[in-house]
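Think of it as A, B and C in the order they're written, each chain with its own count starting at 1.
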Amino acid sequence: MQVVPSIIDGLLIGFVYGVAALGLTLIWGVMRVINLGHGATMALGMFCTYFLFSDLAVNPYLGLVAVIVLALLFGFLIYGVALQRVVQAGYLSTLLATFAVNMIIIGLGTAAFTTSPRNIDFSAGSITFGPVILQGTRLLAALAAVGITGVLYLFLYFTRPGKAIRAVSDNRAAAELMGIPSNQVLALSFGLGTMLAAVAGGLASTFFPFTILSGATYQLKSFVICVLGGLGNPLGALLGGLFLGALEGLIPIFMPVSWVPVVEFGLFVLVLVVKPTGLLGAK
Amino acid sequence: MNPWKHYGFWLSFLLIFLSGLVVLVLRQDTLRETAFTVLMFIGLASSLNIIMGYTGYVNFGHIIFFGLGGYFGFYLLSELGWPVYLAALGGGLLSAVIAYIIGAAVLRLRGAYFALATIGVNEAARSFVSNFEPFGGSTGLYVNFSAYDRYGGAAQALWFTFILLWLVVLAVIVASYLVKSSRFGLGLTAIREDEDTAMVMGVKAPQDKTKAFLISAFFPGLIGTLYFFKNGNVEPEDAFRFQMSLEILVMVMLGGKGLLLGPIVGAFAYERLRGYLITSPVFKDLHLALSGLILLLIVLFVPGGVAGWFRERFPQFRRWLE
Amino acid sequence: MILQVQEVSKRFGGLQALQDVSFEIAEGEILGLIGPNGSGKTTLFNVINGVYPPTQGQVVFRGEKITGLPSYEVARRGLARAHQVVRPLNDLTVRENVMVGACFGRERHSLGRAAPIADQALAQVGLTDRADQLAVTLNVAQKKRLEMARALAAQPYLLLLDEVLAGLNPLEIAGMMETVRQIRDQGYTILMIEHVMQAIMSISDRLIVLDYGQLIASGTPAEVAANPQVIEAYLGAPEMTARLLAD
């Protein structure tokens, strides 16, 4: 029976989806911005990990440290250049601004990296549980995902900047009255969201070959997850990620793989229409 | 209301009318091809403007009306042998029907949720068409060259198609103007500014949004059929270039959304820029990045677009830049 | 009776916002609706004009049950509203804003006929010289007048005014009250929510009082002012209040 191993594999991948969706939902929760550059950032994370691995022989999991730092800084840059001016201007401006950033990244990325697929030829072995074979890359990625989520949780609930982020996300005006420098908090949040996307990309790069355009597929998965779990709901993002991963493990058994996007987007539109606040409730 | 006083409309109408006339008089193939592309984008951008600029509902998937309507229209003319103008109408009507169905589901969503839904719908439509057999699967449909015979051969057919497109784009301008200057259009603007208040004032928002959506979908269906007929084939990758949805959106923003002249200016400027970039050895890979940069600059600094900026800077010309 | 509200209740999840509210408005009268903050006044307006349906009860307008109809259907039947938190259509001019009211209200005028009606409404509220300005450029008092003009242009049978005096300085209040008096003199039926006691007491024919979602009093202004339950709702225990006032 192919079902169980498929689903377990899917679940492990789902951890990574969850981290990606967490990045998207964090940015929405704090500043009501839908980051349409999310996928492009994931793709950049993939490439960063790839180049560290293939050119500098850095273990992909160690390379994540560099990805984290670079992505954080990159997020600050994007916020400062593209978003700061329009954060208060309404959803259309921010949507189009992040969208423009997406186009720029993809455009430059296509020119720089072309569309030939890259692959990280890294094997971490596998563990066998009876009929189920778990790949090392999946396990390590799931562990990394859980680790990063844990650290983020600690950051948000036990550090000052983290609490500031939660305050601003609750009520920006009130937070400002309390003396919280909300603009810096927004920059930090965007940096974190970007970082999570890039890390998820880096982990995903150990699974499958990718191009600069792969980010788009993952971005749409992130949207589906966030909408399922409720935009702005972190737990929803994580659980949604696991759910989608499992679903993706299940679907190819019953229909050709090319139908997976159709099913995912059917689900997406269905949830948006029937229960736009998501199954777990949005912010 | 004296129609001759509507300078804004006449400016836009005459721009298109005279451009087409010049091409027809000069009878050059290359000029016609360039003009075809520009006119096509003007038509697509102007129709998007109806739902996006006038009504405030940003549709990231506008191209699916072009693709699905165009596919269906092409099927009508290549498999069923319909004359191209009827097939185009068929394509337009199918697009309107699809807009009605999609609209029933997604128009009830507001703001960013609507935008996201249109992104999702676009992707799903693309995957669906790749898998759907009568549409030729992922290899698409090809025209039987005898289809060109009824127009006196391929060369004549291309000119005929150009004329049809020219007329269609003129029709889009007229329709867009009629919407904008009517009571219906006032209702759409009210919906854009504050939908709940508009409803409290008596605007039937659900019905009016749907009508606007249908109108915006009909013309791309017509245009798509004509485009694929001219090319002689249609494939999913071609018909649903999601990128084209985005580029059309940039055109509307660049020229000025909500204005009649905006999409014309935006489509023309963007198409020319794109044409230049693709042929330039330095920039050919960068045109997407550059469009992104243009969009970003517009959103950050000139949200009203080129025409909008002019309108504000030179209030005396307001009536011309409608 | 132009409006009959019959045992209307509204529940939001665990919160009972309105409980068994019943009252009537006669044609041509001004009915004032008062009550402490949070007593459900705006919720009642929302139920009446169709923003959301009541959980229970009926709303009858000119003999027709309009309970649960969407707000645009209610507007078309001749019920117009000026909101507490002003909601101008920012990118339209003042005149265009008011024309929306005329075009989609009771009479559903064409654009051509809506323009003079809009101008008339603007004259009534004193915004004629700002007719071609964008609505977003107005100050709060002017936006309040715009709300009023929009509602008037719809030529409604019943006008719902939600705190039209809120946020105005004493001079502006006097001006607005004069406008309301003029509208009343033209024969409009008005249901108005107001906190400025002097104003609403002086202009209303009758008053109804809400407290915690329930109707606790109704009658002439004099009757209501003397009602101990009303005093208690606003100020706390009546004897204590009397003692404080005596001191």
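In this text, contacts are C-beta pairs under 8 Å (C-beta built on N, C-alpha and C of every residue); 3 or more make two chains touch, one makes a residue touch a chain.
Everything numeric here is computed off the predicted structure, so don't read it as measured data.
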Central chain of the complex, centres being mean CA coordinates: B
Chain located farthest away, centre of subunit A as origin (C-alpha): C
Averaged-CA centre spacing for the pair subunit C and subunit B, given as whole angstrom: 44
Where subunit A and subunit B are represented by their mean Cα positions, the distance between them in whole Å: 33
Length of the line joining the C-alpha centres of subunit A and subunit C, rounded to whole Å: 48
Subunit B contact footprint on subunit A (complex, rising order): 34, 82, 85-86, 89, 91-93, 95-97, 99-108, 110-111, 220, 223-224, 227, 256, 258-259, 261-262, 265-266, 268-269, 272-273, 276
Contacting residues of subunit B [partner subunit C, same complex]: 1, 181-183, 186-187, 189-190, 192-194, 196-205, 258
Sites on subunit B touched by subunit A in the complex: 58, 105-106, 108-109, 111-113, 115-117, 119-121, 123-124, 126-128, 130-131, 246, 249, 253, 285-293, 295-296, 299-300, 303
Residue numbers on subunit C that touch subunit B, as the complex places them: 49, 51, 70-72, 75-76, 80-81, 83, 87, 89-92, 96, 99-101, 103-105, 108, 110-112, 114, 150, 154
